[in-house]
C-alpha cells in the first residue's frame, strides 16, 4: 500500500456541556478512499472540522507526512493541501464557475484579475475531470451534482492532497452518484487521498478501501471493506443489535382516502395519478428532480396545479393553501426540517401548537394550560427525548426534531400524512423510531404517502410503490417481492436505462 | 413560576423601565440644581409639566404601533409618513368640497374623517398588495417608491399651499384632540389617553391571541409558518393595511396639533421616529421579537429625554435629534457587546477548568 | 464519461435579452422618456443635455459608492447627511483659511466621509448592529453635527467663504466641453467599476454578498470587507459634499435632506439586488441618468403646478421596477413551459 | 443585569458629556425666541439684535428653530418655552395658523406673544412687528425691477415656501399693482414658482423658468435663501436677466458687481430683532397692551406706533382688519456703491 500520508491520534475536543471527541485515532494513506462512519452526533463532522482547521483540538496531534502541524485556521489547512466539499456545495451561488474555483488565488496581471486566463484555466480543469460546465455559468443556476463537480475542481486547483467529501451523494440521484464514484476513483488513482462521510451504505461499500467507525465521540475501530458487511457496520455504529430494522406491521387497507387524477404542474410534473387507502403506506420514489417533492407540495396546497383533480375520501376538492389542506385532513412533513419544518428558536410546545392555535384558545386568547396539555401529550406519545416542552427546537438532535414536526402535524388529526424524505440526515437509532411511528399511524387507519429515495426504506416500509421518472409516473408496484433493480429500472431516465451495464447486487 | 419571573425581570422591557426611572431621577436632579443655582424660576421638570409637553412626541405613537406590527413580521414600511400626509390632505379636501357643496358642517367633518382614515387604510392596502404580489421586491424598495408616490399625490392635491379653515367652528373641533383632560388632579393630554387605549388593544391582540402568535411565527421563519398552515400572505396584507390605518390616526391628531392647518410636506420623517421608537422597544428589522409594552415605554422614554434635553440642558432641536441617533445605535449595540463579553467570559472560564 | 447532455444556450428571444441585460431595459425607458419630453419641449435635448449630466453627477457619485454596500447585502441611509456634513466642514476650513486648494478640499471631503463610513461599517461588522439601524442613527448624528452656531459660529457656507479658484473649478473648467464636475463623476464610477470587477478585494465584496458564511471559511474576513464597503460609500458621499459646494457654492443644515432615497433608487433601477451578490456599475450609471432626466424634464413639461415632480418621480420609479419584475415572470413562465416534461 | 448596567452607563456618559451648560442667567424677564429654521443666517443676524437689546434692557432670552423648518417642530420648541415659564414668546411662524393653538395656551398662562418677520394669525398673538408695510416692500421691488428692464418685458417671481405668509402678502400687492398701476402696463407677469428656501430647488425652478420663457427679462425673488440661487443660475446660464429682491448683502455682493442685480433690498434683521425685543419688554411691563394707538420707543430707530392691520377688501381699497401691527419702515438698498459697507453686517 502507498505510504502513510496523514495520521491523527488521541484527538480530543470538548464543547460546552458535551465531549464531542475523545481519543480518536485516524490514519490515511496516499491514493486511498477511507470512509468515516458513525451515527449523527457521533463526532464525524467535528472531527473533519478539526482536520480542516475550523476547530482547534483540546489535545492530540496531527501528523502530515510524519511532521506535526497545527491547523490554526482553514487557510493553513488549505495550504497543506486539505480541501473539504460540503453537502450543500455551492459556496458562492451568485458568482461564475471560474470565480468559485479560483476565489482567493485568481490569475493576476499586476493588481488586476486576468479574467481570460482564469476562465481558460478553469475550462482546462473542468475538462480534466470530464465535467461539461462553462466557466462563465453562474454556479447558482447549476444542478446540485454539477455544483459539486465545481467544488471538486476547486480542490484540485489548490492541488489538494486530501479531499474530504461530507455526505456528497445525499442530494444526488443514482445516476449522478455513479458519476461521482467514477471521478472519486479517478482522483484516487492519481494519488489523492479521500475521506468519505456518508449515511448511504452503497457509497461506503462501492468506494471505500477502509472504514473507521466513531460512536458517541469515541473511536470504535477500523476495518478494511471486505472484512465487514452492513449488519456488522450498523452494529458497530449503533453499539447494540437493533433487531428487525424495519418494524412494519401488516395492516388491512381500508377505504380510499386520497386519489389524484392526471395532476399536472407546468415545468415540474404531468398526468400524475395515484391513490392512498386508509392503513396503507404508499411510497413515491424516483431520482432527485423527478418531481416527487413538487407533487407533495401541490397536494398540500403549498403550490398550485395547472391541471388535474384531487379527491379526498372520494369528494373532489380544490386546495389553495396549506391551511385548506390541513382543514381537509392532509398533513405534510417538509423535506428540510430546519428551514421548512420548524421554528428553530421556538420551544417544542409553541412549534407543536402553531397549526392548531384555535383549539388551544379559551375565547379569543391562547390558554397556556391547554397548549401545555396538547404539546406534552404528543411529546410522550412520540417519546421526544427532551427534559420538557419548553426546550427550544434547536437544542434537539436531528431525530427528535423530526419527531416534533410529526407531532405538529398529528395535532391537526390528519387523515392523510405526506412524509417528504422522513429519515434524511437522521441517525440510525432515530430512523427505527420514525419507522415505528409511521407503521403505528398506518395501523390506526391513517393513509401515509412517503416520498423517499432510500431504497431499503421504500422496499421494507411501503405497501405499494409509485416510481416517478422526469415528471411522470413510470411504474406502480405492490411491495411484495419487489427488488431494488425493478424500481431503479423504472426510475432511471430511458436513454441511459437501455445501456445500463453491470448488474450489481447491492447489499441491502 | 420562578423561571417565568426571572424571564420577565431580565426582559428588555424591565431594562427600559429601569433606564426610564434613572433618566427621570437624573433630570429631576438637574432641575433642582438649576433652581438652586437660580438658573430657572420654577420647577420645570415635574410630572404635570412633563406629561403636558409630552404631546408633540405622542403624535407619531399610533404610527409606531403600526410600524411595530410590520417589524414583528420581519418587514419594514418607510411610506407611513407619506400616507399620513396624504390622509391629512384628503381630510382637508373632502371637508372643503363637502362644505362648498352645502353639506351641513357636522356631517361633512364626520365624512371627511372617515375619508381620511379610508385613505390611510387604502395606502396601507396598496403597500400590502404590492408586497405579497411582487415577492421579488423587498418591502424596503416597495415602500421607498410608494413613499415618493403618496407624497407626490399629496402635493398634487394641495399644491405647495396650506389648506386651513379660518375660524370654522366645526373644523376647530379637531383642535380639541390636542387639549388635555384633568383626571385625578393631573391634566393628561387626550392624545396620550387614546394612544394607551390603542396600545392596550394591540397588546392583547399581538401577545395574547392566536393571530399575534402567527405574526411572530411569520417574522421568525415565514416558509415554516406557511407550511404550518399560517396564512402568510393574508397576514402581511392585513398588517400593512392596519399600519396605513394607524398612520391616518396619527394624521388626524397631527392636524389637531397644528391648529387644523394641512400641508403636503407635513410629517416628513415621522416613520423614522416610529422605527427608532419600535427598535428601542425591542422590535428588530429581522422580525420575530418585540413587545408592545416595550414600545409604549420607549415612546415615553424618548419623550422624556427630548423634553429634558430641550428644557434642562438647552439642547437645540437638532442636538436632540443627535441624541436620538446615539440612543438608537446604543440600544442595539450594547446588548450585543454585553452578550459577546458574556460568551467570551464563559469560554475563558470553561477552558480554564478543562485544562486543570 | 458522458455527463448529462449540455443545455444549449437557446436563441435568446428579445424578452430574454431584456432580463439578462437589465441595462437594455433601462436604456429603453430612458429613450422613451427623452423622446416623450422632446416632443412637448422643442429642442429639449440640445440645450439640456449638459444640465442633465451636471444635475445627475452628484447622485451618480453617491450611487456608485452605494453599490458596494448593496452588494454585501447592507444599506446606508446616512449618505445625504454625510454629504451635508462634509460640505459644511470643508467649507468652514476654507472660510477660516486652512485650505485654499481644490485637492485639499477633496481630501477633507473624502476624509470626513470615510470616517463616517468606517464608523457605520465597524458598528455593523463587530457591533453586529443591523445596517438600517446604524445608518438611520448616523444620519441623525451627522445632520446634527453640521456645525451649529454652538460649535463654530456661522452655520451656512455661502459664496463669500469660498476662494475664487474653488468657486469656478467644478463648473467653468471644461474638458471636451464637459465640466470637471461631470468628469469627477465619470472617474469615480470608472474607478469603482474597475475595483469591483478586476481587483481581488473587489471580488471579495461580491463573495461576501453572495454567501457571508462561506467567505469566512475562505479566509476572507467578512467583517473587514463590510468595513471597506461602507468606508468607500462614506468617502463617495464626502466627495459628493465637495461637488455640491463646487456646483451650488452653498451648503446649509438642510442640504440634500431625503436625497439618500434617490441614491438607492438609482441602484435599484440599475438592477442591483438588495439581498446582495448581484449588481453592475453600468446599471447604476444608467439608473442615475434616468433620475437626472426626470428631475430636469418635469419642471419644463409645465404640466400643472411645479409640485407635480414628486408625483411623477414616484410613479415612474414604481412603474420601471414593477415592469422589471413582470418581465421576470414572463421569462420564468416561458422557461417552465419549454421544459420537456 | 449586565445589559442594564451597560445602557445606563451610556446614558450617564451622554448626559455628563453635556453637563449643566449655562442656559440663561436668572433675572426678572425671560424671553423665548422661535424662528422658522435653525441654521439660517438671516435669523442669526436677528438674534444679534435680540442680544444687543438684552444687554440694554437686562432680560435673558433663549433662541431656537426646528431642524426641518416644520410647524410641529416650532410647536415642540414653544411647549418647551411654556414649561420653562418664559414671560414672552417672539415667534417668526412657518405657517400663520398652525401655531395658534399652542400660542393661545401660552397666552392663557399669561405669557405675552409677539410675532415678528412672519406673522401668526391675529387670534394667536398680542402684537405683530414687521420691518415695513407689506405694500411698501412689494412695490419697492416691483419699481426696481421695472426700472432695471426699462419698464417692459416678461417678469416672474421666485418665492420661498408657498405657505409663507409674508411672501403671499407681497406677491398679492405686486399682482394688484401690475393689474391696476399704468406705470407697469407693458410688464408681462408670467407667474410665480416656489423654491421652498432650498438652494437646489430655487436653482432648478429658476432653470425651469428660463427654459420655459426664453425672453424672460426680470425676476423678483423676495427670499434671502432663494436669492443667491436665482442669481447664480442666471449667471451660469449667461442670460441677460435682471434680478432683484430681498437678499443678504454678503450673498449678493458678487452678483451686484457682476451686473446681474442692479439693486436688492433688505431691512436690517438686526434692527428687527432689536425692535421686537423692545416691543416685548414694553408689552410685559404693561407700557403697551398691543391695542392700536399704543407707542413704544426704540433707541436709534425712534418711536414705533401700533396700528390696526390693513388688508385689501373686496372693494379693492384698504380696510381695517383684525389684529394689530407695528412697522419699522426702514428698508436698506444695496447697489454697486453701498453693498461693500453692508457685506460685513449682513
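Letters are used for the chains, namely A, B, C and D, taken in the order the chains are written, and counting of residues starts over at 1 for each.
In this text, a residue touches a chain if its C-beta (ideal position, glycine included) is under 8 Å from a C-beta of that chain, and two chains touch if they have at least 3 such contacts.
This structure is a prediction, so every number in the text was calculated from the model and none was measured.
Enquirer: Counting only C-alpha atoms to place each centre, which chain is farthest from subunit A?
Expert: Farthest chain from subunit A, going by C-alpha centroids: D.
Enquirer: Can you work out the whole-Å distance between the CA centroids of subunit A and subunit B?
Expert: For subunit A versus subunit B, the centre distance works out to 46 Å.
Enquirer: Could you tell me the distance, in whole angstrom, between the mean C-alpha positions of subunit C and subunit D?
Expert: Averaging C-alpha atoms per chain gives centres 36 Å apart.
Enquirer: What whole-number Å value describes the gap between the mean CA coordinates of subunit B and subunit C?
Expert: 30
Enquirer: With centres defined as the mean C-alpha position, give me the subunit A-subunit D separation in Å.
Expert: Computed from C-alpha means, the inter-chain centre distance equals 74 Å.
Enquirer: For subunit A, what residues touch not just one other chain but two or more?
Expert: none
Enquirer: Note the residues in subunit D that touch 2 or more other chains, in rising order.
Expert: 38-39, 67-68, 194
Enquirer: Can you list the subunit C residues in contact with two or more other chains?
Expert: 143-144, 146, 148, 253
Enquirer: Please list, in label order, each pair of chains that touches.
Expert: After working through each pair, the chains in contact turn out to be A-B, A-C, B-C, B-D, C-D.
Enquirer: What part of subunit D is in contact with subunit C in the complex they form?
Expert: 37-41, 44, 67-69, 193-194, 198-200, 203-205, 207-208, 211-212, 225, 228-229, 232, 236, 250-251, 253-254, 343
Enquirer: Hey, which residues of subunit D end up touching subunit B in the complex?
Expert: Its residues touching subunit B are 1-4, 6-8, 10-12, 14-15, 18, 20-26, 30, 38-39, 62, 64-68, 70-73, 75-77, 79-80, 82-85, 95, 97-102, 121, 123-124, 161-163, 194, 196.
Enquirer: In their complex, what parts of subunit A are in touch with subunit C?
Expert: Touching subunit C: residues 54, 73-75, 78, 90-95, 99, 103-104, 106, 108, 111-113, 115, 130-132, 143, 146, 179, 182, 266-270, 291, 470-472 of subunit A.
Enquirer: Using the touch definition up top, name the residues of subunit B that touch subunit C in the complex.
Expert: Residues 76, 130, 134, 136-138, 140-141, 144-153, 155-156, 159-160, 264, 268, 272, 275-276, 279, 284-286, 316, 318-319, 321-322, 324-326, 328-329, 332-333, 336-337 of subunit B touch subunit C in their complex.
Enquirer: Would you tell me which residues of subunit C are touching subunit D in their complex?
Expert: Residue positions touching the partner: 41, 47-48, 51, 55, 143-144, 146, 148-149, 154-156, 158-160, 171, 248-250, 252-257, 295-296, 299-300, 302, 306.
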